[in-house]
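Per-chain numbering from 1; labels A, B and C assigned in written order.
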Amino acid sequence: MNFLDYAPAPESKAILNLRNDYGLFIDGEFVDGTGTPFASISPATEQQIAMISNAGAADVDKAVAAARRAYDTTWSRLSGSDRGKYLFRIARLVQERARELAVAESLDNGKPIKETRDVDIPLVAAWFFYYAGWADKLEHAGLGPNPASLGVAAQVIPWNFPLLMLAWKIAPALAAGNTVVLKPAETTPLTALLFAEICQQADLPPGVVNIITGAGDTGDLLVKHADVNKVAFTGSTAVGRAIARSVAGTDKKLTLELGGKGANIVFDDAPIDQAIEGIVNGVFFNQGQVCCAGSRLLVQESVHDDVVDRLKQRLSTLRLGDPLDKNTDIGAINSAAQLKRISALSDIGEQEGAERWSADCAIPENGFWFAPTIFTNVSTSHRIARDEIFGPVLSVLTFRTPAEAIAKANNTPYGLSAGIWSDKGSRILAVADKLRAGVVWANTFNRFDPASPFGGYKESGFGREGGRQGLAAYLAPASTKADARTDTPKISARKKAAQ
Amino acid sequence: MTSTELATRERTLSLLGGEATDSNLRRYLHGIPGVDAVGLEQRAAALGTRSIKTSSKKWAIDTIIGLIDLTTLEGADTPGKVRSLVAKAITPDPADPSCPRVAAVCVYGDMVGDAVRALGAAHTTPAQPGINVAAVATAFPSGRASRAVKLADTADAIAAGADEIDMVIDRGAFLSGRYGEVFDEIVAVKAACARPDGTTAHLKVILETGELNTYDNVRRASWLAILAGGDFIKTSTGKVSPAATLPVTLSMLEVVRDWHRLTGEKIGVKPAGGIRTSKDAIKYLVTVAETVGEEWLVPELFRFGASSLLNDVLLQRQKLATGHYSGPAYVTID
Amino acid sequence: MTRLAVPKTYKLYIGGKFPRSESGRVYPVTTKQGDFLANAAKASRKDARHAVLAARAAVSGWAGTTAYNRAQVLYRIAELLEGRRAQFIDEITASEGSSPQAAAAQVDEAIDRWVWYAGWADKYVQVAGNANPVSGPFFNLSVPEPTGVVAIVAPQAGGSLLGLVSAVAPALVAGNTVVVIANEAMPLSAISLSEVLATSDVPGGVLNVLTGSPAEIAPWLASHADVNALDLVGAGALDWVDLQIQAAETLKRVLPPENGPDAAAPSLHRITAFTETKTVWHTKALI
C-alpha cells in the first residue's frame, strides 16, 4: 500500500448545471452572436464543455450601446450606496455558488480544484466585497472631491485566472460608476457566462454588465470601439502594445497588465524550507501560467546546489493530473497552443546549453500537460531567462552579491513582480527599494488581495488593479473631466495603419 | 561508552568543530537557516487539505493505531488505572479482534512495573516485538530538578523494565543560551538508558515546544537533541499549551529530513498532546509522508502521544467497517 | 555713451554641460517683430540620444536622494531663479514681446510654482501611497516611485518659462530625470534656467534641455526604448498621435497635449503621472 497514492478524490461535476450552448450576455439577456459559434473544451480531456457564441462587429456595437444606455439612464444616476449594494449582492452570490464556480473554472481552465476552491473563487468574492464598500466613498479615492466615472469600460481578460480577472475588472469599474463590456478569453468563457447568471440573480440593471465571447478579433473590435471611454486589458505584452497604439490620440483611459519575467531572489540566509515552498508556489502555481510568476530564480552561489537539490526533491512530490482531483498540484496547460509555446521555449533552453530537469510524473494520454521543469546553468543571455514562458518552467541563475542580484533582477524589459528571501530585514527593504517591479514579495510569493495594488513597471504595463489605486483607474478628477486637450488631433498615416 | 556512542560523539564533534560547548553549539545552531513562521504555517495548512479516501483511509486508521503511545500521566494514576490502560492498548476494540495494537503505553516512572506486569506476554521482548513501555523521566514535566535526580529517575524506570524513556530538556537552560548544559544532560540521560545487558532503551527528547515559543527555537532544539544522541524528538509533555501543532511537527520533520540527508540516519518524531481526532492524525500522516517519506510511518520512527485520539480513531474504524456512524457508547472509556 | 554689450551664446544643456549641437546647427531666435536676438543650438537626434544617456545615468542618484534633500535642492532652484529674476524678465520681454509687468508676473509665477512643487518632494509618497489592510499576516505597503527617464515637449505657446517649469518641475520632484525639448520659438529662458541648474546642487543629467525643432526631435525620444515616459503637454501642434503610437512600442507612460491658459496647471496628478506604485509584501509573525 502506497499511502501517497491518495485514492482519487475528484470534485463532483454534479454540482454543475451547464447548458449546451451559451449566448452573449447583452442588456441583461443571453442572445445569439452573429459569428460562428465555437466550442470550449476541457484542456484536461479535450472534451467539449459547451458551444459558445461568437460576437461580431454588430454584436460589439450592440453590447457597447447597451452599456452606454445603462450608463446614461441608470447606473450613473444611481447613488454610490446603491451601486455598492448591488456589488455586495454579487459578492454574496459568488460565495453561495463558490463550489460550482470552482468546479466550472477547473473544468474549463485546467487548473487544480484546490486552487480554484482556495484561491481564485474566494478572491473573486473578496474583490467584489472590497470594491462594494468603495462605491459610496469615491471622494476618498485620491482624486479629490466628486471624482467622475468614465463611462463605458471595454475590458479584455486572459485565460489564466478567468473569473478572478473578471472580478479585478468589473468590481472597481462598477463601484466607480462605469458600465462594462467584458470579453473573456476564448478558451475560458465558462465562468464569465455563469457570472452573467449571477448578475441576473442580483437583479443588476440590464446593460451594466455585458459579456461578449469570441477570439482576438472580437477583443480588437471592442477596445477600438469609438464609444468606449476606458480600456482595461490583461494579457500579453504584444497585444497590450497594439492596444496602446490603437487608443493613441483618443481620450480613452488605459490600464494594461501585461507580461512578466519575475525574479525570485534567494539569499544565503534565506529561511530555506519556506524559500523552497515559495519558489514552487512562485512558478508552479497555476502551471506557471501567471504573469507575475517567479520564473527566474536568482540564487546566491553559495547555496545554489543545496537549493536546487531541495527543489528537485520537493518537485518530485507534486502531483500532476486531473484538475478536479482535490489532491492535484499541477493541472493541465490551458491550450494546445500554449503547450506548444512552452515546449518550444524549453527546447530552445536545452539547445542554448542550459541543463534541463523535469519531475518524473506520469502524463495523462489526453489533454495538454507539461511536467514541472527546472533549467540550471542558465545565463542571462538565454532566451529562457528573458522570454516569458508562461508555463511550469523555472530558470535558475546565480549571483554573488546583493548588487549583482538587483542588477540581474532588473535586467529585463518587464517589471511586474519579484521575490526576496532573506532573514535580514534591512537587506530585504533595501533590495525591495531597488527592484523595478510593481509587486515585491518578501519571504512569500504570489499573494493577492483586493486591498493590495497590483501592476507593472516598464513593459509589464501601467495602471494598478486592487486597492485605492485600482479604483482610481476607473475615475477622473472632477476638474479635468472636460480638460484642455487638443480637440482635433492630427491623424497620421501610421495611426491609420494601426487601425 | 559503546562503539556506537563513540561514533555518535565523533560525528557530533566533527560537525560542531570541537567540543559541545555553549559557544560551539551556538555557532552551529544559529548557523542553521531560519524559519519563516507564515510560510511554515501556510505549508502545514496546505498539507492539511490533502484528501484521503476509502482504501487509503482504512490503511491510515490502522497505521495511526499502531503508532499511538497510549498515555496516562496524571497525579491520580494508580496501578488499577494503568492496568486498564494496558488492557485498552492490547485490545483497543473488544468487538473487533482484527484491530491492531498500539505501539506503546506511556506512564510515569513509578508505574512502569505495573505496566510491565499488566502487559505480561504482550510486552516487547528481544525475541518478540510487542507493546513497549515508555516512561516519562527527568523530573517530568518541568525538568526542574538536579542532574542527579533526573538520572536516578531515568535509571529507576529502566530498572523497572521501561523500553523507552521520554525525557524533557531543560528549557530554562536552552532559552538562556546554555546549550552545552542541555546537550550534556541529554548525553547523560542517554547513558542512563543503558541496561546491564548492553542494550539501551530508546530515548525520546521532549522539547516542550510550547515553552520554546518560536519556530527557530524548535528547529535549534531539534538539532541539539539529535546531535546529543536522542533517538526521537518529541514536541510536548502535554502539560503545556500549545502542545503539538502541525506546523511545529512539520518543522521538526524538516530537521529529521535534513539530518537524514546529512548522515543517512533516521530519527523519530513524536507529536504529543492536542491530537484528538483521526482527521487531525491523518494530516500528520500526510505531513510525514510528504516531508520525510512514507518509510517513516512505522513505530520505530513516528508516534502519536495521545490518549483520547484512540477512541476517535476507533469510531472511524467502526464506521468504515459497518458503513454507518458509531457513537461513544461503543468504545471503551479507557 | 553706451557700453557695447557682451551677448550670450545659447547652447544645449546635457549631462550638466553646455555643448553645442553635435550637428553644428543653430537657428535664429527673434523678437515678436522678427529682430534677431540670438542663435540657439538646433539639437539633432544624436543630441537627443546623448541627453537620454545622461538622463539615464542620473536616475539612480537623483531617485536615491532623500526626499528632504531633493526638496531642498529644488527649493534652491527657486532661490537662484529669484536672484536672476531681472534677467528672466528681460529675456521674456524681448522674446515674447510681453510687457515688463507681464514678464515679471510670469517669472514670479514660475518661481512660486517651483516652490510649490519642491515642497511636494517629501509628501507625495505619503499622499499617493498607503498601507494596505490585506487579509493575512503580512506587512503590505504601496508607495509611488519615480518612473525613470521622462521626455517632455515643453509648452510651445507664450509663457515660455512658466510653461517649462510647469512641465519639468513635477517630473523632477518625484525623482525622475528629464529630457525636455524647450519652446522652439522662445528658448532663451530655458537655457537660462539650465544655467541656474548648472550652478545649483542638481546633479548633471537630471535635467537636460534641448533647443530646436520638437517636430524633428520628439519622434526620436518617443521611440527611444530607454525613455520610460513621454509628456506631450506642448506637442499639440505636432503629429502627437504618431508620437503616442511610437511610445506604445515600449509601453511608455504618456500624458496628452494640453492647450490654453490652464495647460500643465499645477497638480499632484502631474507628479504621480510619472510614478510607479510599488507594493511590498512581507510576512509578519511573532514566532
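The criterion applied here is as follows: a residue touches a chain if its C-beta (ideal position, glycine included) is under 8 Å from a C-beta of that chain, and two chains touch if they have at least 3 such contacts.
Just so we're clear, the structure is a prediction, and the values are computed from it rather than from any experiment.
With chains reduced to the mean position of their C-alpha atoms, the one farthest from chain C is B.
Legend note: the chain whose CA centroid lies nearest the centroid of all displayed protein CA atoms is A. Chain geometry summary: the mean Cα position of chain A and that of chain C are 36 Å apart. Per-chain CA centroids place chain B at a distance of 70 Å from chain C.
Mean C-alpha positions place chain A and chain B at a centre distance of 46 Å. Looking at chain B, one finds that residues 36, 38-39 touch two or more other chains.
Within chain C, residues 136, 138, 283 each touch two or more of the remaining chains. Within chain A, contacts with two or more other chains are made by residues 443-444. The residues of chain A lying in touch with chain B in their complex are 1-9, 114, 118, 269-274, 277-278, 317, 326-327, 423, 443-444. Across the interface of their complex, chain A is touched by residues 33-36, 38-40, 42-43, 49-57, 59-60, 63, 254, 285, 289-290, 294, 297 of chain B.
Contacts from chain C toward chain A in the complex involve residues 127-128, 130, 132-136, 138, 140, 142, 147, 228, 236, 238-242, 244-251, 253, 256-260, 262-263, 269, 276-283. Of all residues in chain A, only 126, 142-143, 237, 240-242, 244-245, 248-249, 256, 258, 413, 415, 428-429, 432, 435-444, 447, 449, 451-455, 457-462, 464, 467-469, 477, 480, 483-486, 489-492, 494-495, 498 touch chain C in the complex they form. Residues 136-138, 283-287 of chain C are the ones touching chain B in the complex.
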